[in-house]
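Written out below as C-alpha cells is the structure these notes cover.
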Amino acid sequence: MTVALAVLLPLVAAVLVPFGGRVGALGRRVAAFAPLALLLPLMSGERGEWRWVLLGIELAVDPWGVPFVLLTAIAWSASGYFALRGLGRGSWGFWLGWSLSLWGMVLVLLAQNLVTFYLGYVAVSLSAYLMITHARTSAAWRAGRIYLLLAFAGEAAIVSGVLVLAGHYGNVSLPLLATPDFAAGVAAARWPLFVGFAVKLGIVPLHVWLPLAHPIAPVPASAILSGVIVKAGLLGWLKLIPPQGLEAAASAPALLWLGLATAFVGVLLGLTQGKLKTVLAYSTISQMGLVLVAYAAYSLQPGDARWLAAIGLLALHHGLTKTSLFLAAGCAPGASGVRRLLLALPALSLAAAPFATGYLAKGWLGRAVAAGIDAGALASISYTLLTFTSAATALLMWRLWLLALRERDAEAALHPAWALAALAALTVPWLYAGASDLLIIPTVPSVWAATWPILVAGAIVLLARVPRRPGLTLPEGDLVVVLEKLASRIAPPQLPAVPSVPAGARLLSTLGRSLAGAESLLRELPMVGLLMLLISVVVWLLLWL
Amino acid sequence: MTSTTVYLLAASAVFGIGVYGLIVADHILRKLLALNMMGSAVFVFILTVAGVTPEGPDPLAQALVLTGIVIAVAATAFALALMVRMFQETGLTSLQGHDGDD
Amino acid sequence: MTTEALTLLVFAPLAGALVMVVAPRRAAAPIAVLSLLTLPPALVPLTRAVRAGELVQLPLAGFAAPLGIVWRVDALAVTMLLLSVAVVLLVSLHALASFPPERESGQRFWPLWLILVSSLHALFLSADLFNLYVTLELVTLAGVALIAVRGEPAAMRAAMRYLLLGLMASLFYLLATALLYGQTGTLDLYLVGERLEAGGLTAIAVALMATGLLLKAAIVPLHVWLPAAHGKAPGPVSAVLSALVVKAALYILIRLWFWGGGGQAGEHAALLLGVLGALAILYASAAAIAQRRLKMLVAYSTLAQLGYVMLLFPLASAGAYRAVVFHVVAHGIAKAAMFLAAANLLRALGSERLQRLAGAGSRHGLDVLAFALAGVSIMGLPPSGGFVAKWLLLAAAWQERGWAWVVVISVGSLLAAVYVFRVVSLAFAQPLREPERAASAGEEQGRAQLTSVAALLLAALAIVLGLASAPLIALIDQGLPPGMLR
Amino acid sequence: MTIGVLVDVLLALSLVGLSLQVVTGRALFRDLVLFILFGLLIALSWARLGAPDVALAEAAIGAGLTGALMLMAYRRLAAGGAADVSPARRRPLLALPVAALAGILVAIIGLSAQGVERVPDAAGTLVLQELSATGLGNPITGVLLVFRGLDTMLEMAVLLVALLGAWAVLGAAHPGRLHQVDRETPLVSALLTTVAPVTLLIATHLLLVGTDAPGGAFQAGAVLTGCGVLLVLTGTVRPRAAAGLLTKLLAIAGLAAFALIGVSALALGRAPMTLPGMWAVYLIETAMMLSIALTMTLLFARSRALGPEQR
Amino acid sequence: MTEVVHPLPIVVVLVSLLAGLAIAALGERRQRLRTVLNLTAAVLKLGLVLWIALLVMDGVVPVFRFPLVPGFDLLLRADSLSILFASLSAVLWLVTTVYAIAYMEHYDNRARFFGFFSICVTATMGIAMAGNLLTFFVFYELLTLATWPLVVHTGSRAALRAGRTYLRFTLGGSALFLVGLIWLYALAGTQDFIAGGSLGLLELDAHASLRAIFVLIAIGMGVKAALVPLHAWLPTAMVAPAPVSALLHAVAVVKAGAFGLVRLVADVFGGGLTAELGLGLALAIAASFTIVYGSVLALGQSDLKRRLAYSTVSQVSYIALGIAIGGPIATVGGMVHLVHQGVMKITMFFCAGTFATLLGVTRIDELDGLARRLPWSAAAFSVAALGMIGLPPMAGFVSKWYLGAGAVAVGQTWVVAVLVASTLLNAAYFLPLVSRMWLRPAPDRWPGGSQPSAWVTAGMVVPALVTAGLTIAFGVLAGSTLSPLDWAIAIAREYVP
C-alpha cells in the first residue's frame, strides 16, 4: 500500500498536470510533494509486487538504499516546493516531465527486478527532456537534442546489458545479482551497463550533455537533475552490476583513475565557465568522478557493506548539497548576507570542509581508498590525489562564489525551499550517518586532512590571483562543440536536412536519401525480376556449396 | 509404275503447288483457286492411297471424296460471298497489310 | 438413356437451328432457349455413366467401328461436353441480349450459333477421323460466318484470313487422314491407334495432322489469324471461339496423340510441341502486354493460355494430363467471361482502346468485376480454376523434372498478371473526361444488364471451379489415356 | 508401260502444269479458265481411276459449279473495277523458301505414300460385304446414306452454314445487279426452253439410279444447279431481298429430312441415323438434291431468294 | 489439444466475405445500411473469433476441411497461433472500420472500397486459420487481389503506379512461393501445419532441396513481410487512403507475410530442422539487415506516411527475427510482436490520416505544434511512437525484451546489437516528430484540411485512442493472463516444449 502510494502519486500528478484550473493546480501540488510519499515505504519496509504488470513489477527499499530514498524525498520535494512558484499552468510540459521523471526515479530506487529498474530508468531519462527543453529557446533545443542523443547512446548500452542479463536470467530479482551464482551473467553485461550508466553520471568523456542541460533547465529541474537524477546511474551500477569477484577487483584501479580524472577535468572545465549553473554542472561532473572512485574502491571489497553505505552517504551528501546550490542559483544568492551564507555553507561542505557533511562523506571515501591501498590493489598516490580533489572543488566553489556575488537582483525573493534544502544538506547526512553507524568523530588529524586542501585552494586563489573572469573561457559542453563543428563540416547543415535531427543523424539521413535513389531503381520491373532470381540463385548456390 | 502411282505423285505435286499458291498469292480469288486445287489433289490422294477392291476403287474412299467435294464447294461459295462483300466494303481483294490495329 | 442423351446433345441445337430458319421471328427466342435448355439434362446420364467407369459407345445407324461411325464418350469427352454446355448456356444468355433473336441481327446469328454448338458436340463425341474432319469444317465455317455476322469490315478481313487458313489446315488434316486410312484401313481413331505402326508413313501423317490441328488451335507461330478473328468478332462469338473452338482442335490432337497412336512420333516431336507451347506462352503473353485494344489483348491471352495445353505432350504423364484437361476447362470458362466482359465494356464505352477504359471501374463495375475475376483465373491465382490448373501443371512438371517447363509456367502466369492488371488498373484510374453517353432506353438497359450478368456468372464459375475442383478432377482421372498410370 | 499408263502420265503432267499456271499466272481471268480446265482434267482422272461417281460429281461440282461461282465472283469484282488490280506480285523472299519447303513436303508425302499397302480387311472391303443387307446396289450411296449417314448429314449442315453465312454477309446491297444475258436473244430462249427440262430429267435420272449405279443426290443436285444458274443468268428468275417460307423450307429440306429420319430411329429402338427403309433413302436423296440445287443457285446469285421477274 | 470438425473456422472466413459482397452489391448510395452492415460484420467477426478462442482455451482445435486439389485440402484450423493473429485482425478490423467510415466520408466509390475492405479481412482470417501451406497460399493470394483495389482506390497516376509496384512484388514473390510449394509437395507430399514442424518428422535426406524450398517460400512470404530488398513496394503504397495504409501495415499484408514466416519456420520446417539447415541464421541475418536498413531509410523521409512505411519495413522484421533465432524466449518475442507492432503501427497511421484530413499535414516539418490542435491524436501518436522505440511500459518494449533476451539465451548475442541499433534509429526518427508536435509553436495557418462534423472527427480520433490504449495496456498488463504475451508464451510452449 505504501509502496503503491509512492509509485502511483507521481502518475496521478502526471495525469492531472496537463489540465487547467484547479485540477492542474492540484496536480502541481501533488507533483511537488509526491516525493515525500517515498518516506512511507521507508518506514513501513513494505514490499510491493505486481506480477501482472509489465513482465512483473517488484518494489522495495534496498537495505543500503535508504540514503538514496532520503535524498530523493527531500531534494525532490524541496525543489518541487520551489517550482510551485513561477511554474504554473503554462508550463504543464515541465510538470509532466517532472512527474514522470519522479515516477521513474521512484521505480529506479525501489526496483527489485530488472524490468522495474529499466522501466524507471527509461522514464527518468526521457521525461527529463521535457524539463530541459522547457525554455523553448534554441539553446534549450540544442541542449535537449544533445541530451537525447547521449541519453539514447546510454540507453543503447543499457538495453544491451539489460537484454544480456535477461537472456541469462530473465526478469531477475536484482538482489540475486550480487550473489556468486549470477556472476557469469553480470560479467557479460558489465561493460555495456557500466558505460550506459556512466552517461547519466557524466563520467568524462560522456559528460557533455550535463553542462548544457542542467543550466538551461528551470532552476528546480536543474536541482533534481544534478542532485538526484544523476544518481540513477549510480543506482544502476549498484543494482545491475554489483561488483563481485576477481574481475571487478581487477578493473577497480582503472575505474579509480577514471574517477579521479573526471573529478579533476570537471573542475578544470568548470573554472573556465562564466555562468553560475554551468559551474555547478561541472561541479557535479567532478563529484560524480568521486562517486566512481567510491564504486571502484567498493569493487575491491564487494562483500563489505560499509563501503556500500559509504557510497550511499556520498550520494546523499552530494545530492542535497547540489540541490541547495542550484536552488540558490534561482534566488539571487548574492543579494543579501543570509543568502550568501546559505550559499557558502553548502559550497564549503562540498569542498569537504571540516564538520560539514562533505567532510563526513569524503572521509569515508578516503577510508575506502585507503583500505584499497592497504590491500595493495591501488597505488598510494591515489589517496593523495583524492585529497587534492577537495582542493580542486574548493577552487571551483571560489569561482562559484565570485559568480554568485554578481547575482544581486533583490527582486528575486528568497524561497524557503532553498533554506530548507540547505538545512537538509548540512544536517541530514549527519543524521543518517548517526543512524547507520557511519559517524566519523572529528579528530585533529582528520580535521587537518580536510582543512589543508581548502587552504591550498585559498593559497592558489591568493597567489595565482585567479581573476574574476577566467583567462580561458570554454563554451558550455566543451567536447560537443568540437564534435558539432566536425559533423557540420561533413554534412553541411544548409542541406535541406530533416529538421531537428541531431547533427550526427544528418549523416544518416544523407545516407538514407542516397539509398532512396537506389530504391526507385529497385522498383522497376526488370530489376524486380532480376533481383528475385538473383537472390534465389545466389542463395541456392551458396546453400549447395 | 501403275496409274495409281502416277496420280499419287501428281496429287502430291499439285498439293504442294497449291500450298505454295495459297501462301504466296496475293489475290484472294487466286488463293481460293489454289485451295480448290489442293482439295482436288487431296481427293485424288484419298482414292489412290486407299487402294482398290476387286470391284474398283475403295467405295468408302469414293464416298469420302464425294462428301469432301461438296464441303469444298460450299466453303468456296461462302468464301466468295465473303470476298465480294469485303471488296464492297473495303475495296480490297488482298489480305496483305494491317488489320487496322494501329 | 445415354443414347438419347447423345442424340440430344447434337440434334437438339441442330433442330433448333432448322426450326428457327423457317419459324416466324417472334418464335425465335423460345426456340433458342428450348433447344439449349435440353442440353444440361442430357449431360446427367452421360456423366453418371462415365463416373461409373463406363465407356459410352453409340455406333451410329448400328454399324460398329471400321464400317460405321461410332460416338464414343469417355471422361475426356464428357469433360469437354460439360465445358461446352456450361459456356454455351451462359454465353447464350449474353447473346439473347446482344443478338435479340427476334431482330434481324439475331435472325442471322442464332441459326449459325446453334449449328456451331451442335457441330462442336458432334466433334467431341466422334471417334472417327473423317467425321472429325467434317465436324471440324462445320465448326470452322460456322465460326467464320459468326465472326463476320455483323458485317464489319475489319471482322470480315479477319474472318477471311481465318477461313483460308482454316481450310488449308483442314486439307492437311484430310491428307493425313487419307494416309492413315491407307495404312490401317480404318477411320476409327481407336482402331487406328491399335493398328498403326511406327514408320515414315505414320510420321508424315502425324506431322501433317498435327500441323493442321496446330494451325486450327492457333499455336504460336501458327497463330496469326487468331488475334484478329477473336478480337474482331462479336462478344459471344469471341467467347465461344476462344473457349471451345480452338480447344476442339486441341482435343482432336490430344485424342490423336494419346489414343490414336500419334504418340509414336516419339519424344522429340513431343518436345517440339512442348517448345511451341512454351513459345506461345512467352511470346503471346508479351504480345498481349503490348496491345492497345482490349479485345486484342484478350485474344493474345488466349494464345498464351493455349500454350499450356501443349506442355502435355512432352510431359506425357497422368498428372500433366489431368492438369491440362483441367486447364482447358478453367481457361474456357474464364476466357469466355473475359471476352463477354470486354465486349460489354466495348459497347458501353464506344471504343475498345484501352485508354478509354479509364474510370470504367465505377460506371461499369459489373463488367470490370467480371473481367477481373476471370483475370484471376487466367493469372492462375487462387482461389480459381486457373490456379488449380497451374498447380496441377506445376506439380506434374516437377514430377517429370521438367524444370524448364516450371520456369515457363511461372513466368507465363506473371506475364498474365501484367496484362490483366493493365486492364483492371486502367478501369480503376481516374476518368480522363466524362464521355457519358446518353442514357439508353429501358429495354436496352435491361439487355445491357443481362449481358453483364452473363459475364459475371461465367467469371464466378471460373472462381468456383477452383473451390470445387475435386469432382472434375475425379472425372478427368476416370479417363486417363491408355498407358498412363495414375 | 501401257498406253493407259502413258495417258495417265500425260494427264498427270497436264494437271501439274495447269496447277502451276494457275498459281503463278498473272492474268486472273485466264487462270480462272485454266482452273476450270484443271477441274475437267481431274474429272477425267477420276474416270481413269475407275470412280465414275466421283468423276460425275467433280465435273458437275468441282469444275462446273465451282468454276461458275468463281467466274461470277470475278465479274462482281470486275464490276467494282478491281479484278486485276493486284496481279500476283513477285515476292522471292517469301516464295523461294515456301517453294522449297512445299517441295520437300511433296517429296516426303509422295515417297512415303508409295509404301502404302492395302489392308485386306479395310473398311472399304467391309462396305462391299455388308452392302447386300442394305438393299442398295451402289456401295457409295450405301456409305453416304447408310454406313456413314452422319457425315452426309453434317455435310448438308455445312452447306446450310455456307448459305446462312453468305446471307449474313450479304449486306444491305441490292441483291441483283448482274450483267444479264438478254433473254430475247434467240439462242438463249432456245437454250432455256430445251435445256431446262432436260437438266431436270437428267437430275431425276441421276437421283434414281444413284441407289444402284453411279449418280445420286449430289450429282443430281449439281445438274439441277446448272439449270438454276442458267435461269438466273438469263434473268428468268431474279434475286429477291427476302426469303420466303418455301425457299427456307427447301434450303433446309435435305438436312431436316436426314436429321428427322435419323432421330426418329430412336423411337423404333434403333440407333440414331438408322434408315427405316428404301423410302427413306429416296426421300432423303430428293430432299438433299433440292436443297443442294437451291442453295448453290442462291449462292451463285448472291441472294436470299429467287422468284419470277416482278413487274 | 483435440481436433474437432467444426464449422466455425469457415464461418468466420465467410462472414466478412458475404458482408463484402453485400456491401459491394448495395451500391454507392445506401450509406447508412452500408455502415450498419460494416460494423455488424466486424462485431460479429470479433465475437466469433472470441468464441473460437474460448474453444481453443478448452483444448479444442476446431477444424474445417474441404478438398481443393488432389492431395491437398483447403484446411482451416484454429490453433492457438491462429487465434493470436485472428483476434488481432478482428479487433483492429473493428477499429479500422470505424476509422475508415469516418475517413472515407468524402471519397468516391465507397461501396467498392468497403467491399474489398471486407474481402481483405476474409483473406486475413483465412491466412490466420490456414492449416496447411496451400490453404495459406490461397488466402495469401486472395489478400493480394483484395488489397490491390484499395491501394489504387483513388485512381490517380501515383496510386496506379503504386498498385503496379505492389503487384510486381507480390505476384513475383508468389510465383516463387508456388514453385517452392510444388517442390515441397513433390518431396514430402501433403503437409499440414504441425506445431514443431511437420518436415522434421520425415527425416528427409534432402537438405539441399529443403534449403531451396525454404528460400523460395521465404521469398514469397518475405515480399509481403517487406524483407529487404523485397520491400520497395511498401513505401510506394503509401498513396493509398490512410485506413488502407493502416491495414496494409498493421494487420493484413505485412503481417500476413510475417505470420507466414512464422508458420513456415515453426509449423512446416520446425525450429530444429530450420536451425540444422542453417536457415535460421540466414533468416535472422536477413531480418536484422532489414531492421537496420528500414530504419536508416526511414530517417531520410520527410513525408510522414513514408517515414512510417519504412518504419514498418524495419519493425515487421522483428517477427521474422524472433522466429529465426529460435528458442522459447525469442519465439515468444517474435509472436507477440505480431500483435504489438499491429496496435502500434495502426495507431500511427490512424493519426497520420487524421492529420492529413483535418489539417492537411503530410510532411514532417508541418507537424510543429500540432498537439495544440489535435491533442488526443498527438497523444495517441506519441504513445505509439514511444512503443515503437521499445520503451517501457509500451507494448514494443515487451517484444524487444523477449527478442533480445531470447537471442542471448541461445547464444546469439549479436542480435542485441541489432535491436539496440534499431532502438536508436527508431528514436532518431520518431522522437523529433513527438517533440515537434508537443513542444514547437503552432503555425499561423495550417496547410489545408477540412472541417468535418464532430462525428467524423470523433470517428477518426477515437480509434487511434483505442489502439494507443491497447499499446499501453499490452505493455503494462503484459504479465497478466490473456495478454498477448501470455498467449504467445502458451503458444511457444506448444512449439518449444
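The first chain written gets the first letter, and so on, giving A, B, C, D and E; residue counts start at 1 in each chain.
Here is the rule we use: a residue touches a chain if its C-beta (ideal position, glycine included) is under 8 Å from a C-beta of that chain, and two chains touch if they have at least 3 such contacts.
Worth saying up front: this structure is predicted, and the values here are computed from it rather than measured.
Steps from chain D to chain E, taking the shortest chain of touch contacts, total 2. The minimal number of chain-to-chain contact steps leading from chain B to chain C is 1. No other two chains have as many C-beta pairs in contact as B-D.
Put simply, the chain nearest the middle, going by average C-alpha positions, is E.
Summarising the inter-chain layout, the chain whose CA centre lies farthest from the centre of chain A is D. The geometric centre of chain B is 66 Å away from that of chain E, both derived from CA atoms.
Mean C-alpha position of chain C lies 42 Å from that of chain E.
Distance between chain C and chain D, defined via averaged C-alpha coordinates, is recorded as 31 Å.
Shared contact sites, meaning residues of chain E that touch two or more other chains, fall at 172, 176.
Shown for chain D are the residues that touch two or more other chains, namely 109, 113, 116, 118, 122-125, 127, 147-148, 151, 155, 158, 161-162, 165, 169, 171.
Contact of a single residue of chain C with at least two other chains is seen at positions 130, 134, 137, 141, 144-145, 148, 151, 156, 175, 179, 181-182, 187, 414.
The complete set of chain-chain contacts reads A-E, B-C, B-D, C-D, C-E.
Interface residues of chain C facing chain E in the complex, by the touch rule stated above, are 322, 358-359, 361-362, 365, 376, 379, 381-383, 387-388, 390-392, 394-395, 398-399, 406, 410-411, 413-414, 417, 421, 425, 428-430, 466-467, 469-470, 473, 477. Residues 1-10, 12-21, 23-27, 29-30, 32-34, 36-37, 40-41, 43-45, 47-53, 55-67, 69-78, 80-85, 87-89, 91, 93-94 of chain B are the ones that touch chain D when the two sit in their complex. Considering their complex, residues 130, 134, 137, 141, 144-145, 148, 151, 153-154, 156-161, 163-164, 167-168, 171, 174-175, 177-179, 181-182, 187, 228, 231-232, 292-293, 296 of chain C touch chain B. By the touch criterion given at the top, residues 108-109, 111-113, 115-116, 118-127, 130, 146-151, 154-155, 157-158, 160-162, 164-165, 167-169, 171, 245, 248-249, 251-252, 255-256, 259, 262-263, 265-266, 270-275 of chain D touch chain C in their complex. The touching residues of chain E, when paired with chain C in their complex, are 66-70, 74, 108-109, 112, 134, 137-139, 141-142, 144-145, 148-149, 152-157, 159-160, 163-164, 167, 171-172, 174-176, 178-179, 182-183, 185-186.
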